[in-house]
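Order of writing sets the labels: A, B, C and D. Residues in every chain begin at 1.
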Amino acid sequence: MIKIGVIGYGYWGPNLVRNFAETNDSSVTYVSDKRTDRLKLVQSRYPNTTVVEDPDDLISTPDVDAVVISTPVSTHFDLAVKALRAGKHVLVEKPMTCTVEEGEKLLEEAARAQKTLMVDHTFIYTPAVVKIKELVSNGDLGRLLYYDSVRVNLGLFQHDVNVLWDLAVHDLSIMDFILGEQPTAVSATGVAHLNNQPEDVAYITCYLRNNLIAHFHVNWMAPVKVRRTLIGGDRQMIVYDDLEPSEKVKVYDKGVSLNEGPEGVYQMLVSYRSGDMWAPHLATTEALKNEASHFIDCITNGKKPQTDGEMGLRIVKILEAADKSLDNRGQPVQIN
Amino acid sequence: MIKIGVIGYGYWGPNLVRNFAETNDSSVTYVSDKRTDRLKLVQSRYPNTTVVEDPDDLISTPDVDAVVISTPVSTHFDLAVKALRAGKHVLVEKPMTCTVEEGEKLLEEAARAQKTLMVDHTFIYTPAVVKIKELVSNGDLGRLLYYDSVRVNLGLFQHDVNVLWDLAVHDLSIMDFILGEQPTAVSATGVAHLNNQPEDVAYITCYLRNNLIAHFHVNWMAPVKVRRTLIGGDRQMIVYDDLEPSEKVKVYDKGVSLNEGPEGVYQMLVSYRSGDMWAPHLATTEALKNEASHFIDCITNGKKPQTDGEMGLRIVKILEAADKSLDNRGQPVQIN
Amino acid sequence: MIKIGVIGYGYWGPNLVRNFAETNDSSVTYVSDKRTDRLKLVQSRYPNTTVVEDPDDLISTPDVDAVVISTPVSTHFDLAVKALRAGKHVLVEKPMTCTVEEGEKLLEEAARAQKTLMVDHTFIYTPAVVKIKELVSNGDLGRLLYYDSVRVNLGLFQHDVNVLWDLAVHDLSIMDFILGEQPTAVSATGVAHLNNQPEDVAYITCYLRNNLIAHFHVNWMAPVKVRRTLIGGDRQMIVYDDLEPSEKVKVYDKGVSLNEGPEGVYQMLVSYRSGDMWAPHLATTEALKNEASHFIDCITNGKKPQTDGEMGLRIVKILEAADKSLDNRGQPVQIN
Amino acid sequence: MIKIGVIGYGYWGPNLVRNFAETNDSSVTYVSDKRTDRLKLVQSRYPNTTVVEDPDDLISTPDVDAVVISTPVSTHFDLAVKALRAGKHVLVEKPMTCTVEEGEKLLEEAARAQKTLMVDHTFIYTPAVVKIKELVSNGDLGRLLYYDSVRVNLGLFQHDVNVLWDLAVHDLSIMDFILGEQPTAVSATGVAHLNNQPEDVAYITCYLRNNLIAHFHVNWMAPVKVRRTLIGGDRQMIVYDDLEPSEKVKVYDKGVSLNEGPEGVYQMLVSYRSGDMWAPHLATTEALKNEASHFIDCITNGKKPQTDGEMGLRIVKILEAADKSLDNRGQPVQIN
């Protein structure tokens, strides 16, 4: 039985607490939050959980084996380092840290502590993304040509991070998981429309190997909600629409190939193929439930998390490079 | 009665011929095409039209008042210049020319000849785009924040131009018409997946005044057809979906504003407003029919076309700058 | 503070308990259920609520002012009568009773007891249905021509009632509320596909005054979920799609009229009008929350519920007539 | 080379003429129409076709082998009989005749004349319907449970026939083709909203063998266009949406079965199965082109048409029975 302490009971914290409370082999022993009314809410829902204002009390108690950090990004690094140094396993909200520098230090701390460090990139644990990963890994799509995602909506406006760190972080983690490959360079554009506020509309292009290109569109000010990803291969193509209630993943037996024309290479012929469409049945388990079980499993059995600190760092690297490019109107930025 | 000669009876030419044949005050007296079978087809459909292989015969005859050029882009400049020098009015397919340099020369020729020069940016003549222009011009949307368009599909692969010059040209012309303003800089990215073939996937960001940003996504290799534009203002927002059979334009009474919080400017509050949605009724007239009438009207009454050479040149300037940026992975390129 | 006792903590009961627990001016003092595990669940969630197995204990205690009945239909009548005789107000799940006879007796009991009797026709309390009622009552639609609803899905199979009593009951209550009028006759068809099971697919036509016709399609075995109602007037028409996340109600400025032709009444001309479409903004409050407040308000202030016993009885009358017609393959059945 | 004469160049006639003109092995030698302007239009489009006002001239000429009848329903019988007696093959618009009596006489005439009699039930020749027929015939759906179709729209108002004979005729022919079985009884309801005009909204339930039920909803006054058919089997289910541009047919691996519970037949368990969805690729050939070729093939090779007079008569029988039921508010009518 892994004893979990959750720091932060704001927007996402309640989901984390609920899932760890309902997962076998774990219990939520502590919750901390600076706001008294949030702690009262925890108490009414979980009478057996200890609530504290100061996260240090949670980190230092022997009654916590693993710390779950669900606080603003700027606090992730300090809290995670403290927890690791106190000998706790750590699950931290995405994005893992504010900078690459912090991210690299955090990985060193985790290695030194020999504890599990996992990042809460929740989408990786959805049945839809797991299915797409399987289809791409099998080679069903053929050679990959492009990856294109849109995540827009008239939604919550974050004051502390821009729309890339708030929304694109989801899609970058999905891409990382599906493609298993880090971009070599990025170009990003975007603007802030409200004074003293971060960028609210942004676009990123990532360059990958073999002419594979990935593009991300994120927007906090769109009149309609769109959560759609296209993944094109030369044999098959996928449309992943997260808003579809049941058929979230559609696989199109469509592709394109280049053949020599009757007069040789100087007259190449492009041919299109259009066949059936297929929507695989997907399980309906909640992603966070899968993720909570996976975290417990990694702690218990010393496994490497699917969304480990290395992955968290890769995402932060892309975001940091994208910010730099965005400030220079799309000027490309290399990723080491 | 304006006598029309049409050069090129390939993919688009038949639509041009049909519309000029059916428009009052014009008749199609000549059609030229290098391919005998295409000319035979013209003859069977329009027994009274003269068909010739050599476009020079069409340009030089006194039986043609206006020349309509529907041939590959690389031939536009030469044919248009010849026609203007022969004293003919000219309607040329989009994009107007291959380069800015050609475009500027063509405008000089038209000025010298004192003839009408119009570019076939067909979408400007659709009821949907006319309605959006009206809504934006009225100020109904408030301050404009962003313009975002997607035009993708598993479609025809052009060998002579890349996907920007084939597809983005439509959306750039729509933006030019609606915003009435030229971008100051562009950043573009994209890749070619087939050897010795032009780019088939591309993205452009255009920077305009007052933090207005416009973005274009075009793709010849998408499994699904999408033709959707979002236009966000701080008072209202528009979704223009060209594939909707009847409600192509939807106006959302949604917006966002920034207000001082109780503790002053250091604590700004973003507020969202969400109200009704409204889809104006649109006429169902064919765009090309409107365009043909407009061309005849401009010739007859000496009016300035809505899609005149100046506009054609503005679009070519964006495309040329985008190509340059795309070659440098998004490096921004200024537009004079 | 009204003290609520809820009988039945199965599928719907938890929603009732939660809403009455969260509504001001009411508290849930008792819950009864025959199943021990359900009572344990209640206790873990609401430590201050008394749980009992026998509903009679709940009905007889002075610690309950109003009884909410969320049990199989066959038990509604007995429980509701007992509760009224014990001087309690009653909110009963839909359909109110199994038969018209029971329904009439129940209304007599409520009149005698001078207590509030309300039926849980939840849809009447949704912002969408309230908005439609307003539009129809205002006369915005002109003369009503037809009402057509579809409610289908691969869903729960009820063993105790057929698909009419399970699904059509929703739409009949919405129609009753919107039209404010009882059908004069019904014709219904349907079949049972599984041995010894009730009808799983059914259709009802209701005849109303002035050539208004209403039709209902319900199906437990459809591969896709549809919840759509069309309401046609000669001036405007409504599409109500309950599965749309935000634009559930669309009002079409479309209509049809009959005019005399140039040669008089023997040559009537039908003319169609097609104009704008408009989707009013709807509040997002939970229907059951509105309903719970309304029930408390009716008890406290002696108001007549919008979904009172009279309405509950009207719906049961239609269902009973529809069953009779269905058994005779559509033979029409009059409603008194 | 079969010489075709087409009677009636109104709404549908031009499509028939075009397809027979473009089909190999046939030419359109004659067209007749009472309206001079329509004949002029034919002449401008088909200079080699003879145009006449009187259909008798077309029927009697040796320069016509087969007569295509595209006129109001009330004239079908007389024209078709004349053509058969003149030794011509006949393709007649749907519905074949106004009454069963006429239909039976027409079949006798065709048998006597030993000529091909085919009915223009166009949908039978669409790739979508052919694919559905194949899936149903293969037994892929398991035991069929229900067939449900909706065809509604604010459309043309027919003055000579009601909405059943105008719209339901399409779906009845599709059902006849797919199920290969005639209903034993029908119940229909509907109303006429405009004085002296036919019914504009109607519903039909058809009873078939083995508890299979088919239902049809047609409406000339709906604000939105819907063309959707659900076909449910106990193993798979189909959704056929004719308005989808490419994925018109979707096959759901969903079904329902009844199993004995642990305590035997008195406690049956209904179990649902939900699996993948699959949309077969469909050819894009025009239905009428397939139909024209089929008619020529039947004439030339003495084949029995897929939409022969027998089928045309079956549809008229259902329509006549439905009219009778509709007049009696759903009272069931047997079909012999």
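Some notes on this structure:
Keep this in mind: contacts are C-beta pairs under 8 Å (C-beta built on N, C-alpha and C of every residue); 3 or more make two chains touch, one makes a residue touch a chain.
Because the structure is a prediction, the values reported are computed rather than measured.
Path length between chain B and chain D in the chain contact graph, taken as the least number of steps between touching chains: 1. Annotation: the B-C interface is duplicated by A-D among the options C-D, A-D or B-D, judged by over half of the residue-numbered contact pairs being identical. Among the remaining chains, the Cα-based centre furthest from that of chain A is the centre of D. If you average the Cα atoms of chain A and of chain B, the two centres end up 38 Å apart. Distance between chain A and chain C, defined via averaged C-alpha coordinates, is recorded as 43 Å.
Each chain gets one centre point, the mean of its Cα atoms, and the points for chain A and chain D are 53 Å apart. For chain C, the set of residues touching two or more other chains reads 274. Of all residues in chain A, those touching chain B in their complex are 145-146, 148, 150, 152, 154, 157, 159, 185, 187-197, 201, 203, 205, 207, 211-213, 215, 217, 219, 221-224, 230, 232, 234, 237-239, 250, 252, 254, 256, 258, 265, 268, 270, 272, 274, 325, 328-332. Within the complex formed with chain D, the residues of chain A that make contact are 247, 253, 274-281. By the touch criterion given at the top, residues 47, 225, 243, 245 of chain B touch chain D in their complex.
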